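As structure tokens, here come the structures.
Two complexes come next, and they have one chain in common, chain A, joined by chain B in the first and chain C in the second.
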Partner chain A sequence: MPAAKSTRGDIAIVGYAQTPSLRDANPSEVQLLVPTVTAAIEMAGIGRREIGFTCAGSCDYLTGGPFAFVSNLEAAGAWPPISESHVEADGAWAMYEAWMRLQEGDIDIALAFGSGKSSPSNPAEVWAQQLDPYYLAPLGVDPVSLAGIQARALLDSGKATEEDFARAVVNSRRNAASNPNAQLRDADASVEALMAQPYFRAPLRKHDCPPISDGAVAVVMARGDRARELCARPAWIRGMDHRIEAHQPGVRDLTSSPSTALAARKAGYDGGPLDVVELCGTFSPQELILLDALGLSLDGDTKVNPSGGALAGNPIMAVGLVRIAEAAARIIDGSANRALAHATGGPLLQQNLVCLLEGE
Partner chain B sequence: MTDTAKEHMVMEHLVTLTYHERLTENLNRYADNLLEGRIIGAKCPSCGRVFVPSKGYCSLCVVPTTEADELELPDTGIVTGFTIIAPVNYYGQKKTEPFVYASVLLDGADTTLGGMDITGVAHSDLRSGMRVKAKWKPRGERSVEAMSNRGWGGFGDVVESFEATGEPDADEEAFKEHLF
Partner chain C sequence: MTETKLEFPYSRTLGPVVGAFLAGLREGKLYGIRGADGRVLTPPLEYDPETGESLGTDMVPVGPGGTVVAWTWVEHPAPKHPLSRPFSFALVKPDGADTPMVAPVDAGSIEKMSTGMKVRPRFKPEPHGLITDLEAWEPV
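Now for the complex of A and B:
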């Protein structure tokens, strides 16, 4: 077999679509996906049968049925049979697999999508199940309690204050005000008003936590000249990488995210100027930890979460790919030339994915 | 290690996950109609296939279907595939005698109803292609409580069974694409 020519830097996002982030969507998960996948394909201007590979991300524990992910595939149009795969993870990891598949060089177009409805279940019940089955899952440790432990560690380390948490929320609420897909928006959000709120799970206040959300997102990628044909200004994927840390939160320094820093480096981020960063910090302290891992801050030249980020809408299993789609949107519309997007999985930023996007 | 120590290596961890959701709009209309003794499906505006119940979209054309695409179907059809289950006494199994689990293709439909009981015929005489008609439960005994958005058990508990009509069997052409 001849050695494949590396096409790593020659793949771009040329189409994307998402549903609004909704507290309680009546349509089924696949019904959310059908118009979303169609819209992404229409934006790319391709025929459905031109897609060489499809990858989906979702979670059967959220949907509440074994093999629930299979019906989601109907949104891609799976008859006659197509080449496809599924990850039990955020759609960002589905995109990573599709991006890897495109690098084989024998297909030109790939589709990735992510979807999830958190509204039918109790997140405290469901997400306790992703913890280790001997020590933490039997305790029923829920995401908000875990995030509270992380927030406390961050305060104790002196790296951040509760006002800093509130500043991340203000940034989110204000940016989300101009994002029709965001769930929580407030153009008038202020640190003073947020700090006056009572604790929800100390030291976290309710606004430091993400909303419960339903939603779906889809992204179309194309290679080389095909991407240039389909899109006036493709969002070129300069690199994408994901790294993982220990599963057990108790053996990690919860106040830093070395896996994010490493993934960013491996994705080609050299610390140079960025126009936009879209972070999947689902609790406000996590946003600060991620900014720190990337050498960025809320006050720098890089626009942080112009969409509002995960604090403004958290459709789990879509929310990470939404970050990439939002970053790509800014490249494609010309408002940014270099953007970095992040997705996460597992308890307390256990696993992190970074995608570096650039205009031509 | 003593046996006692080994006993302590066993840990019981029972998990309950509770889900609350409303039926999708298309299934909600379907359920309401079943309680009234009517079966509705949705006809794809693109390919004309009739889905029972409606999925809210056509899974082949990937186009949404709406209430305007819904139509009533007769409660008659044919058995496509079937199995006869000899129940074992597992947790939750209420049946004690062998029973039928059949797929029924309603006249005018392109998808089958699964898990139907077939009566009026000896188990040994069951055949694919056999004509059947719904034997509805009395109105007050019909229930759609077990219906979910998840594709399994999409007929609720509204009929006693589908009963063999005694009409001539349908030709294999009528069901060979619908065995499951």
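Now for the complex of A and C:
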């Protein structure tokens, strides 16, 4: 095995691709993945056999079958045998594992992807099953209801108003208008029009909630000089970290996200200027909580969710890695030099991952 | 269109903490447990959510009354929801507890709901050893 050298901070995203976020995609999950993975590999300009490690993120519960993730490996081309792994989590955690693997120093290129189809199932019932099986799952308490409780707590705390929720949605809809991959787009969105909508799960209105989405995303990472050869302007991963909080909503302060703040610090975010932040706030109040945890706001110098974010398209198990791919895209195309991307898992922002990206 | 039933049937032995709490519900009683920092956690947890240390098995009686500390309104209940008419999913803090529990509040209409409102538990006449033996909280 070649001598390993320290490579943390010397690994970059050099290729990415995603499907549009769709309400009801006709292709199967693996059929969504095959062209997406191929496109990311083609953008990186590598051959498949150059990939030293592959990691995938998906959820068998969504598919409704045990080991459903195995068929997704078709997209990676697993014969002759490859070195690969799977996480039952968003693709952002698959990327984290692949990034860790690259740091061992004996391979130069890794592939991570994430995929999910929510349309065949009832997500409200499926996601109640990820909760504590004694105190929560038997209640059938779904993500929208939990988010409604969190929204009320945020309103009662005085940290935000229902108009603030709507402002986050307006930012999402307007930014998404120029993103061909977004599902919900509206260049003319306004706070007044949104506030006139009825409650869906008070104090949440329907637009405060994410759409039901199908989709897939893939990212190619390379190390050191190999990254510079493959990409004119690689998106260097300065740090990546994920932190978790207690599971029971009742023992946490639902109006803050200390695990996001800690993950950002551990990823190397020092509070300095950011050109872009891509947040995986799947409900509008959560976007405000995440901004607060990072010391940012909708009105600051940092562009918040230029893609539209998770409110404009929520392909579960891909949506977090999409945030990282979108942030990397802004670095690679030269429109940003420092960007932060966020992914989340578990109920009510229980677990949070932060990735800090920079240009050279 | 293919219908798939997504269920994983288990029988579980609950242990001295979760088991004691659910056994209490059968008798119409609520318990918490003292956390490492002295807080009374309801529902009781086996391990401290902050430090991870074992919290033992000494139950602290709480309730029977409670206070709504956050809530949402479910106008159209789904088949897996605990009540079939419009209700509130809420965080309810039983008297004497320091943390709230997720629970349904059967208030009849959203106009009856407010943060800080006092509620009392309604138990199922025939318990099943589940959290849903506490059928709902009702406005006092």
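Everything below uses one rule, namely that the second predicted complex is superposed on the first by the 356 of 360 C-alpha atoms of A that agree within 3 Å, B and C clash if a C-alpha of one lies under 4 Å from a C-alpha of the other, contacts with A are read in each partner's own complex, and residues count from 1 in each chain.
By our rule, a residue touches a chain if its C-beta (ideal position, glycine included) is under 8 Å from a C-beta of that chain, and two chains touch if they have at least 3 such contacts.
All values derive from a computational prediction rather than experimental measurement.
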{"item": "Which of chain B and chain C A:Arg48 touches, first, second, both or neither", "value": "first"}
{"item": "Chain B versus chain C as contact partner of A:Ser121, first or second or both or neither", "value": "both"}
{"item": "Chain B versus chain C as contact partner of A:Gly64, first or second or both or neither", "value": "both"}
{"item": "First, second, both or neither for A:Tyr134, with chain B first and chain C second", "value": "both"}
{"item": "Partner chain(s) touched by A:Pro27 [first = chain B, second = chain C, both, neither]", "value": "first"}
{"item": "Partner chain(s) touched by A:Ala75 [first = chain B, second = chain C, both, neither]", "value": "first"}
{"item": "First (chain B), second (chain C), both or neither touched by A:Thr38", "value": "first"}
{"item": "Shared chain A contacts, counted only where both chain B and chain C touch the same residue", "value": "61, 64, 121, 125-126, 129, 133-134, 138"}
{"item": "Interfacial residue positions of chain C with respect to chain A in the complex", "value": "4, 6, 8, 10, 12, 14, 18, 22, 41-43, 45, 49-50, 69-75, 78, 80-82, 89-91, 93, 99-104, 110, 115, 130-132"}
{"item": "Touching residues (chain side chain B, partner chain A) in the complex", "value": "11, 13, 15-22, 24-25, 55-57, 59-64, 148-152"}
{"item": "Interfacial residue positions of chain A with respect to chain C in the complex", "value": "61, 64, 121, 124-126, 128-129, 133-136, 138-142, 145-153, 156, 199, 201-204, 246-252, 254"}
{"item": "Chain B contact footprint on chain A (complex, rising order)", "value": "26-28, 30-31, 34-35, 37-38, 48, 61, 63-65, 68, 71, 74-79, 117, 119-122, 125-126, 129, 133-134, 137-138"}
